[in-house]
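Got a structure here, written out as structure tokens. Questions coming.
In order of appearance the chains are A, B, C, D, E and F, and numbering begins at 1 in each one.
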Amino acid sequence: MILSKFIKPVHAHCDLPCGVYDPAQARIEAESVLMIQQKMAGFQGDERTRAIIIKEQRAELVKHHLMVLWADYFKPDHLEKWPQLHDMFWKTIKQASECKSHSEPETGQKLLEMIDQIADIFWQTKEG
Amino acid sequence: MILSKFIKPVHAHCDLPCGVYDPAQARIEAESVLMIQQKMAGFQGDERTRAIIIKEQRAELVKHHLMVLWADYFKPDHLEKWPQLHDMFWKTIKQASECKSHSEPETGQKLLEMIDQIADIFWQTKEG
Amino acid sequence: MILSKFIKPVHAHCDLPCGVYDPAQARIEAESVLMIQQKMAGFQGDERTRAIIIKEQRAELVKHHLMVLWADYFKPDHLEKWPQLHDMFWKTIKQASECKSHSEPETGQKLLEMIDQIADIFWQTKEG
Amino acid sequence: MILSKFIKPVHAHCDLPCGVYDPAQARIEAESVLMIQQKMAGFQGDERTRAIIIKEQRAELVKHHLMVLWADYFKPDHLEKWPQLHDMFWKTIKQASECKSHSEPETGQKLLEMIDQIADIFWQTKEG
Amino acid sequence: MILSKFIKPVHAHCDLPCGVYDPAQARIEAESVLMIQQKMAGFQGDERTRAIIIKEQRAELVKHHLMVLWADYFKPDHLEKWPQLHDMFWKTIKQASECKSHSEPETGQKLLEMIDQIADIFWQTKEG
Amino acid sequence: MILSKFIKPVHAHCDLPCGVYDPAQARIEAESVLMIQQKMAGFQGDERTRAIIIKEQRAELVKHHLMVLWADYFKPDHLEKWPQLHDMFWKTIKQASECKSHSEPETGQKLLEMIDQIADIFWQTKEG
């Protein structure tokens, strides 16, 4: 079954009641952003207006999910091991803002790649 | 790398600007619900109050994500092939409501299993 | 007229703290959608952009209120008596999505009629 | 009965894209508030916590719907004819706040009555 | 230090758990509205669409913050001393609506001035 | 007039339509958090439940406003001059989370002080 591949339950060791974190949340919204941008080349009028409205919302969700991951999941010892995390998150959130004001799919593609780099570290923290 | 396993980009063929769907969104929130329930056995006072607040929010997000999946992603030909989908979604959303009013992890566990069954069909629609 | 039947005070006997349901909530938002569409023929530029923004929000509220009605109010014995309910809700929520991407008042008018048909069943459940 | 007067389809002649107003929106949420308060006498523990959470949300929606009605629907000539409107809205919104901090059904009942008085004037503005 | 000048802690004597009020909340959002309007003269296409989306959100926040201030902070004895308050709030909230449907900075400038007049009274209530 | 003292219009030189930033937004919400905590010592039952609900919301707004300030306002040259900014924001947002799970006013007081330190740098960026 495909399912077991992509939904790995994540069990964060945190002190809050809600201790589930997953970079997939930011990624799914970022995929929406990119998909909208890819379609926008062919969009005009009302359809383009709607695309901008929805892209704005999705990019905002990307920013929110990244903030939660950065501030709630990552702990001081992670930062010691990956001191670049602060800057990675800051630039990735800024990239989500870029995607709000641009319709070129390159900006969305870059956002996805930046999220994947954060996810890469995230999953390393889950290993041994 | 673990990453490639769990983040499978999903490209829905829909007529809306935002055409990305993924049952993982509902599942991640449902995992939160279950995790909160598992911790609640040891919670009293303020901590328990917070758990209920957050469980309420997470279960509401489960309901929302399921509604989006049901009403926006699935198309008439899917329903023809899987006529049980309507009832599955209805009962799964009702189960999310159950998780709001119950703290027993069994209710959250059942919610996860019901989401996985929906996800199973979802991924079948992506094949061939 | 069907209308007078379905808009009246509702007192649901449900097991949740918040047990008030009323199809009027979805209907009022759908009326907004239709009214906006009727005005859009004469709208251009900024005014049209605003109309699309607000129509998007109102149609989203229609979807939300319908989901609540479908999943929280209706019970298994209702479904036994009106097995068409699942499909009615599904298509009505889809129609609300149609109203997001269309400015023709016919789409909003159809949405209202579909909500009225749901409301008609809803009020039958309140009788005897 | 006053009620049957004020819940019917409303078509406001206003200059905004979304020109539909209806006191029923505030009333439906206020009915939820009252119903929750009526049940709270028998609620303890988690159930009571949930009741307070939901009552808080519903009362907030009452306040929002009343503000929209007051500030968006009513026009200077209405205020000339019904100069008491400002004070009525102010006190009704304050009553919604009272319902947040009280569980006695009397507070919710009073809120409903105050909304009905506003609705009464609202429907007078629709006549002749 | 500049800071001490503009952030005056406000201690409202109210009966709610959350007793902090500050007209600065409405003012900051109104400044956004004005700033967006000032830039809109040079905006076309997607950029103008985004400006309208964000102006809509900011003006809505202005309305919300004003409603909270009016209904939650001000008490009967304030109204006795400043009976014009009801009308000031009503017109200022209506002005925020005007800013939604207009891009002329004059509308945003007027909104700011109206908020300042409310703030002036607010700060008088804090004296003596 | 007191007003001129505390509401200093802030004009950020940014490339977005909405270019107004002010640490006061985070601070006002943090003051609410502290005020609620100060009152909680005397709160029990329903009142305490409400305090926790509202504190949760206010602390979440603190986190949101801080994220916006960090990711939208601050630019690379600011980070060069104040490299401690990343860590300051990270710890301050974490402190807001602490305030969610604690009722001791010390946690809210510390949050306010941390916001003031960020505000101090913010206002330095506005000078010459």
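The working rule: a contact is a pair of C-beta atoms (placed from the backbone, for glycine too) under 8 Å apart; a residue touches a chain by one contact, two chains touch by 3 or more.
Given the structure is predicted, the values throughout are model-derived calculations rather than measurements.
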Practice item. Spell out the chains that contact chain A while also contacting chain B. Key: C, F
Practice item. Could you tell me which chains are in contact with chain D and with chain E alike? Key: C, F
Check your understanding: If you list every residue number at the chain A and chain F contact, are more than half found on both copies (same) or fewer than half (different)?
Key -> same
Exercise for review: Compare the contact pairs of A-B with those of each option in D-E, E-F or A-F, and report the one where over half match by residue number.
Suggested key: E-F
**Study point:** Maximum centroid distance from chain A, chain identifier (CA atoms)
**Key:** D
Point to revise | Chain whose Cα centroid lies at the greatest distance from that of chain F | key: C
Review point. Where the centres are mean C-alpha positions, what is the separation of chain B from chain D, in Å?
Key: 34
Practice item. Let me have the rounded angstrom distance from the C-alpha centre of chain C over to the C-alpha centre of chain D, please. Key: 21
Point to revise | Chain centre separation in whole Å, for chain D relative to chain A (CA means) | key: 40
Check your understanding: Got the chain F residues that touch at least 2 other chains?
Key -> 47, 49-50, 53, 100-101
Check your understanding: Linking chains that touch, what shape results: line, ring, star, complete or other?
Key -> other
Check your understanding: Can you name every pair of chains that touch?
Key -> A-B, A-C, A-E, A-F, B-C, B-D, B-F, C-D, C-E, D-E, D-F, E-F
Exercise for review: Quick one: which bits of chain C touch chain A in the complex? Just the residue numbers, please.
Suggested key: 48-49, 52-53, 56, 100-101, 103
**Study point:** Sites on chain A touched by chain F in the complex
**Key:** 15-16, 63-64, 67, 70-72, 79, 86-87, 90, 93-94, 97, 100-101
Practice item. Show which residues of chain B lie in contact with chain A when the two form their complex. Key: 1-3, 5-11, 17-20, 22-25, 27-28, 31-32, 35-36, 39-40, 43, 47, 50-51, 54-55, 58, 116, 119-120, 123, 126
Review point. Taking the complex as given, what residues does chain C use to touch chain E?
Key: 46-47, 49-50, 53
